[in-house]
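As structure tokens, here come the structures.
Each of the two complexes below includes chain A, the first together with chain B, the second together with chain C.
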Partner chain A sequence: MTVTDERPATKEVGSRRTRKEDQRLITGRTRWTDNIQLPGMLHLAMVRSPFAHAKVLSVDTAAAKGAPGVMGVFTGADLAETQGANINAWPITADQVTPTHLPVVVDHVACAGEIVAVVAARSAAAARDAAELVDVDYEELPAVLDMKEALTDAVLAHPDLGTNKSAFWTLDSAEAGTGADVDEAIAKAREDGIVIEREYRQQRLIPAFMEPRSTVVDPTGEQIVIWSATQVPHILRFCIAATTGIPESKIRVIAPDVGGGFGGKLQTTPEEFATLAVARKLGKPVKYTETRSESLLSGHHGRDQWQRLTLSAEKDGTVTGFKVELLADLGAYVAIVGGGVPVLGAWMFNSIYKFPAYRFTVQTILTNKPWVDAYRGAGRPEATFGIERMMDELAAEVGVDPLAIREKNWITHEEFPFTTVAGMTYDSGNYEAATARATELFDYDGMRAEQRRRRESGDPVQLGIGVSTFTEMCGLAPSRILGQLNYGAGGWEHASIRMLATGKVEVITGTSPHGQGHETAWSQIVADRLGIPFEDVEVLHGDTQIAPRGLDTYGSRSLVVGGEAVVRAADKVIEKAKPVAAHLLEADVADIEFTDGTFGVRGTDKGIGIADLALAAFAAHNWPDGLEPSLDAEATFDPDNFSFPHGTHLCAMEVDTETGATRMRKYVCVDDVGVIVNPLIVEGQVHGGLVQGIAQALWEGAEFDDNGTLVTGSFVDYTLPTAADTISFVTDHTTSPSTTNTLGTKGVGEAGTIASTPAVVNAIVDALRPRGIHDVEMPCTPERVWRAIRSAGADSAGAAPSAAQPHFDESEGDVQ
Partner chain B sequence: MIPAQFDYVAPESVEDALAALAAAGDEAKVLAGGQSLLPVLRMRLNAPEVVVDLGRIPELREISDDGEAIVIGSMATHSAVVASDLVREHAALLARTVAEVADPQVRHRGTVGGALVHADPAGDVGAAALALDAEFTIVGPGGSTRTVAGADFFVDLFETAVGEGELLTRIRIPKHTGWGAHYEKFVRVAHQWSIVAVAATVRVEGGTIAEARVGLTNMGSTPLRARSVEEALVGRPATEDAVRAAAASAADGTNPPSDLNGDSDYRKHLATVLTRRAVLAAAQG
Partner chain C sequence: MAYLKTLARQQGWHDDLKHPTEESQMTRITVTVDDVSYTDEVEPRTLLVHYLREQLGKTGTVVGCDTSNCGACTVHLDGVSVKSCNVLAVQADGSTVTTIEGLATDGRLHPVQEAFHECHALQCGYCTPGMIMQSIDLLRDNPDPTEQEIREGLEGNLCRCTGYHNIVKAVQYAAAGGAK
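Up next is the complex of A and B:
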């Protein structure tokens, strides 16, 4: 079943190599996009709409054009012919309503922050000064900001479309033949079982990468060269070619070192298109770098769902069905993956459990807020939150420990590979092992004992314990599945290996790292595979001219898909080298065996090193007839299946019942991410991911006023945590190698973020449950916690009140 | 983030600074550390023609002892105040409060005078200065000098007694030697402005509170004194119950704001809880 036995000796894979890219990244001795200076380069400033919804009646650019240093001022109308468009690559239904998204608007603004005009000047300061002089005459239109109100179509985000409803997408286990009918399961449970109905809010978040987005365009050569702080140089090149008419072969996109993304840089942005359009108009190199305020307002946002969830179970807690009804706010436009993000949750709401019946629906909705797209986890954090909150609610209803209710329903390790009610086949996993290790590290029984003591003594600081057992689908993605889903591209990845004459090796990857440490991990893989020193491997990426084929970095795909392409390219190098070794060693190719960097002749002590073969290829003086004098190889890998990392996360939260303040007391996670290439990098990914997920639970949330103005428009109000707000996490791993790739890896980029949010909220609710509280909306601010305590009163200790189990069928509005 | 153009002057004496301000009229802004002013300029919420930087006037950075009081130059940085033995010994509340301002980078550049004159109601320094009965020395055109008490110094949101063309030069804090002190700051993330905070300093004699001073941060448009709490504490034992009873009136007469971090009623509730905690901690030393 597995190919793990064929793996070569691993000296590098598994070692805690410090990252070879870190010296230049940490000391700043690298060239970020904003550092690029070109001769005669101009700088841009954007004029943005302060209104969420407006008609642009006129744009007076005369004063700005006359300002010192200004070389041009362009409106949407000026650029209309050439500016291209921001496209949606994944129409989730054939009838999806998709508004046209022009980078610079012509006459209609659909959210605050949209670009109305672009100023080009000799300095960034001159551009900014002149931008203040552009006089735009708007006619403000009523804005629709709340997604539930948007459903009524009373106010339209795009009046010309006639509706705010973009698409309705369904996955039903009865229809798909993967399970039973969920409504029947629920009806039966209403008679003789348990039905839990909840509505949860997934608040809107803002990706806050460290390096603001920046783009430089040089149109002065035969090729147009575009540097951009992007996760997706290849996709950007494709989209520019597809929408501007510039031949793809005339575009070179470079993503130099990029400072973070978290999904926020997988967009092709209006700013990139506008910068390109102005550079072409003026025939000069042009740079645009956003301010942090612009980043928070005009980059895409994440999450933003209402989740209406119905879980049916037998009286003993065995789940019989799960119905998921989502509303997902897309914002003003359907972004590149847009509506597909909630759809990714369709396969994950059933998580690690054996549910017999399941239905998932999502209604995507257009509003006059900034657009929404992938943010670390993309659809899977939302799903994990929903199901893990529900499993805790079920445990409370049945009256058992939250771990027991999970164990009763999860897939046991003997049952892999397991095809879920959503139709996914999980290849490997061991939920029992991860949970056993986590409870041990957490001192689960000890923490429960302390919780009891605090409850009994009436301590003003109560303790809550939150559980999150999660899985995710990583390694995006098998191209055939993407095709079935009508996604606009494949999911393969490409790599090539160049064997240099001096013994050094260049590895070219189509993935595009922006902080993950690919250069180190890929070097470790290739060093083992080719038997060469780690230091001799150079990893090249992020330039469409150097790495011509690739589908970039997102969705925990780089190692699982891109790493496997590297392995396959390396294997091809070895296969190409064998007949050459046989020729030089005067042996039969069948007797050549490759070990630890040396091609030997079986049964003899004769051998030749791989570096010597590379030199032989360079000289080509003595080469077998009929073979090309090259050991270089390339490979494209298209996975057959996703990978399914999983883990058990346990969180203890202290809740100050006097103020509502919460404090994290302990956090333990045991993740199974398959075979680990570099434990240090994995630890970093887990730690960072945890903080991002905890931040959704406690701190972050995009808030708008009644006019659609982003209130959390700076880091003063968008309360991003720092190290001062977090504790030391306890992390560990169990390992069930993935069977879908040679390395046995599963992906780790999103795990922490996906798992931690429900662990934290479950802990807070667990602390308050004796008071009759069964939910606190995220972010769980002190004020929300305090109000929950105050409104519940302290007199309802014990069973949840009847209001804790409302029936959607009997109430029309919100249930919270 | 690029501010609109402005002229920059960095005088080396108070006289020259006053002259620069007089010359610019109402088009000038004073730079006193810049931790609030620079973001305002960069976001173009204000566009002065002249910025007068007080950073090169050494006398404004001095911290000294005049016998009865500690005198702090308005350009003393937060970190200088926190590190000052004089302040720690005789105005412990100020040292403990200023130690909670923002983060180390901000404390290294920001000044107590800058923070006081900026008068952000969520700023920390005002409550402690008010509680310690600080007096503020303001110099005006031609070197005219006046001294203003705390109650008159804080006028409104972002408004103090320091008028156009004037400078705050010194903050004089009567010695509170031997008083216990604590600043109880309530925030969601560490680097945030105070949602509510309470500055308390008490003199305890044999387990009984002899004197108490309590200042409130962000419970109105200016820092406030919780005088009813102070009065209720005098003569009471420094016990949880006694302090709880006294602290119950902490929010009386206040009108705190409602915003993203909390509605007014929540802040009023917080003020009572935080006042109790601050006073009890202060009484512990």
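Up next is the complex of A and C:
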């Protein structure tokens, strides 16, 4: 059954608080890493390989060293002893092939953009000028760029490894005992049911956070201080210590104001390690800030899969089995999560459905392209796209509405908690409620009626309606499960609360926000919990010296795991305060009740406020014997299970069949993210998530030329959506509280991105399906849609041409 | 450099620009930024945004790209919005610049700043200075814009967090004098 919310009414949790963070951000009083200036600070510029695959024969730094303002030029060989390495934290199999990833290459370049030398100069401009003078002699090697070609091992991304195949990972319901044999289900369906077989492309994306990455290293004190535009200050500190030999206790990492991440800043980057190495060599503060082109080229990319999907069903549309075979491009190295990103999809391809049989396999591949890692959703958008596209295909095959096929197969709200065919136990949800609300807001029947009218009248602008009913797993993660999966760290989160003498309260969180509004949301939680004013709470984060324990922010984990740690720390404060209150009120501790910030004595009007107790602890003049004079408390929370937000997204796309142009007409989403702490912030997360997912469907894609050069290497070519490309959305919520944490929250950071991509593509395909078209490869540019329409019927399979849109149309003669 | 030399000739600055790694010729400029007049020596190639950030410490204005696509560096030059990565510091000689740091007066936020806060029109906040400066410019040109006019007016400013939904609402809120 679905849990109903019986939590007590709260003042702050649930209110649309405007954010504390805003004041400094709207007035320009921000501390981005690139704003930091230290006395004597030097600036770095990177010399990067223009080749996707090459041997470095020699690096001549003499001219650069003699250039004005230059204080040092360093090659990989110069830094080899001290630079550390960029590690993979999640070897998905015991025999995973994992090339060593050096921050500055010594003799082998495995993708364009790798750092070959570092120039340090008195100004950023001088460093950039001198970088042009570094003369690198390369021997170009054949590059393998296409992951299907890479499978043959004909050309090797890393010749010394002997193979491009990194790891093969399987989850099989028959082997795991969580379901039946999928091959048997498919064989039976070939006899008397329906088998849908499709291959989908998840194009390569670039996170494209707005703040370029920047790192400042000050090696002049007892501790090395590293400011970095990172999502993961604690993980960065650990990785530096683990690979450079610098004691962890001598490293302080600070993530100051960080301008977005979306997974793109959860890496420990070559640039961070190179900056640290040069700062230590020179003994001076050093700053490196990337250009946007460097960011697009040398930050990690996301997605990049081929998905071979086989869905078996009975003739009435009841699914009997689902087989998922993925090829996942890791790029040149196995990044920090690496193959773990597609593996996260293993539990999500079955989504909200009751599939009796299931198999998921992924082959991870090394190529000579930039490395791939988590990008908003990380494995779950890919999975949701695959299954939601397939459910639409099944609906078309059966001849029923896409919503009907989903309803036939989804877990009903009476069935929770529900253990899926992938072995995951969903604690709560109500797919019927979210879908009912979404169809109402969308005017689903009205939109279908308009679609029919346009089809019947032969309107050149056709209307398509896309459905996406998704779930995801959030709250990464139960440490034991991570251990079983061979992940290199735990998934707990830490918080502490300091009760200051003046009544103010400091909340220290191990999460590391970069736009999510934790300072506001955590203040709301603590204000309610301790019965103190919202304004009296200060949230501190992102500095390993202030917040010594933490596992940072990614995977929609901060509120679900980190927020619960805050709740538990607050509850410990109250428990510590009770005997003190009893002592000061001369009462029995059993009679002490805590309500709205006051400790009272049951049955009397006696009471003392929590701020008065904090002052009493500061003075410690009158304190119970045997108790420490402090109300401060800390808590570490390790969840028992993931949380499972879900929702129903409906999208209407107009498709101009004469030009291929598409226009979003309406987008409605109803998300169940559990209990909402701040509706204003949640709506913002949904809006932003939606646009990133819509952008994958319509506009974005990292494209390379035949030499492995990134041709979408600036914002001219990597086309982020603008305000003029997007519309206003209709968002709403249903609530089935999570049972894994006290507040009942589920996580919202990735929901919009996960759900929206298939909703948009399903809508475009829905508009074109009467023409025999059943797929358009992403991004669904006007050209691709137009080609699909033009070639409809010529391609018996009904899929649009799969060749990537060329950067330049070679048929038109010489490139201008 | 060829472009810069052509530009320099056209603008009548110096026709003897050297390669920047050679001895740089410095140029004296006087600019009023957020109501304070500054006189400085700058390299002719210095971009206005770098002059603001590095020489004046006006780090509220930020750099988001190299191709003048993102608009994060938008400031007002003589009352009109410009992308300060697309203007040389020497071009601002004799001009008045307003940055995000000069908007609030006497401790009171500019109505568009207030609107961004009220409507949750920012998350990470990196695009926000440029977005606010552009929104002010948009509203000066068109005090009562439609949603589509707002969207087109902000097309030169990229945001990766908000999906623009609440930014559009904030501009509408400011246009309505603070009414939702």
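As a working rule, the second predicted complex is superposed on the first by the 783 of 816 C-alpha atoms of A that agree within 3 Å, B and C clash if a C-alpha of one lies under 4 Å from a C-alpha of the other, contacts with A are read in each partner's own complex, and residues count from 1 in each chain.
Here is the rule we go by: contacts are C-beta pairs under 8 Å (C-beta built on N, C-alpha and C of every residue); 3 or more make two chains touch, one makes a residue touch a chain.
This is a predicted model, so every value here is computed, not measured.
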item	value
Which superposed partner A:W699 touches (first chain B, second chain C, both, neither)	first
First, second, both or neither for A:P50, with chain B first and chain C second	neither
First, second, both or neither for A:E658, with chain B first and chain C second	first
Chain B versus chain C as contact partner of A:G597, first or second or both or neither	neither
Touching partner for A:P533 - first (chain B), second (chain C), both, neither	neither
Which of chain B and chain C A:D257 touches, first, second, both or neither	second
If touched residues of chain A are counted for chain B and for chain C, the larger one	C
Touching partner for A:G490 - first (chain B), second (chain C), both, neither	neither
Touched partner set for A:D22, first chain B, second chain C, both or neither	second
Overlapping contact positions on chain A, where the chain C interface meets the chain B interface	125, 129, 291-293, 714, 716, 720-722, 724
Complex contact set, residues of chain B against chain A	1-2, 4-5, 43-44, 103, 186, 188-193, 195, 260-263, 266, 269-270, 273-274
Partner chain C, residues of chain A touching it in the complex	18-19, 21-30, 32, 34-35, 67-68, 125-126, 129-130, 133, 208-212, 257-260, 262, 291-293, 514-517, 680-681, 683-685, 687-692, 714-716, 720-724, 726, 728-729, 752
Of all residues in chain C, those that touch chain A in their complex	20-21, 23, 43, 45, 53, 58-67, 69-70, 72, 99-101, 103-104, 109, 113, 116-118, 120, 122-129, 132, 147, 150-152, 154-169
Sites on chain A touched by chain B in the complex	124-125, 128-129, 132, 291-293, 658-659, 661, 698-699, 703, 711-712, 714, 716-717, 719-722, 724-725, 781-783, 786-787
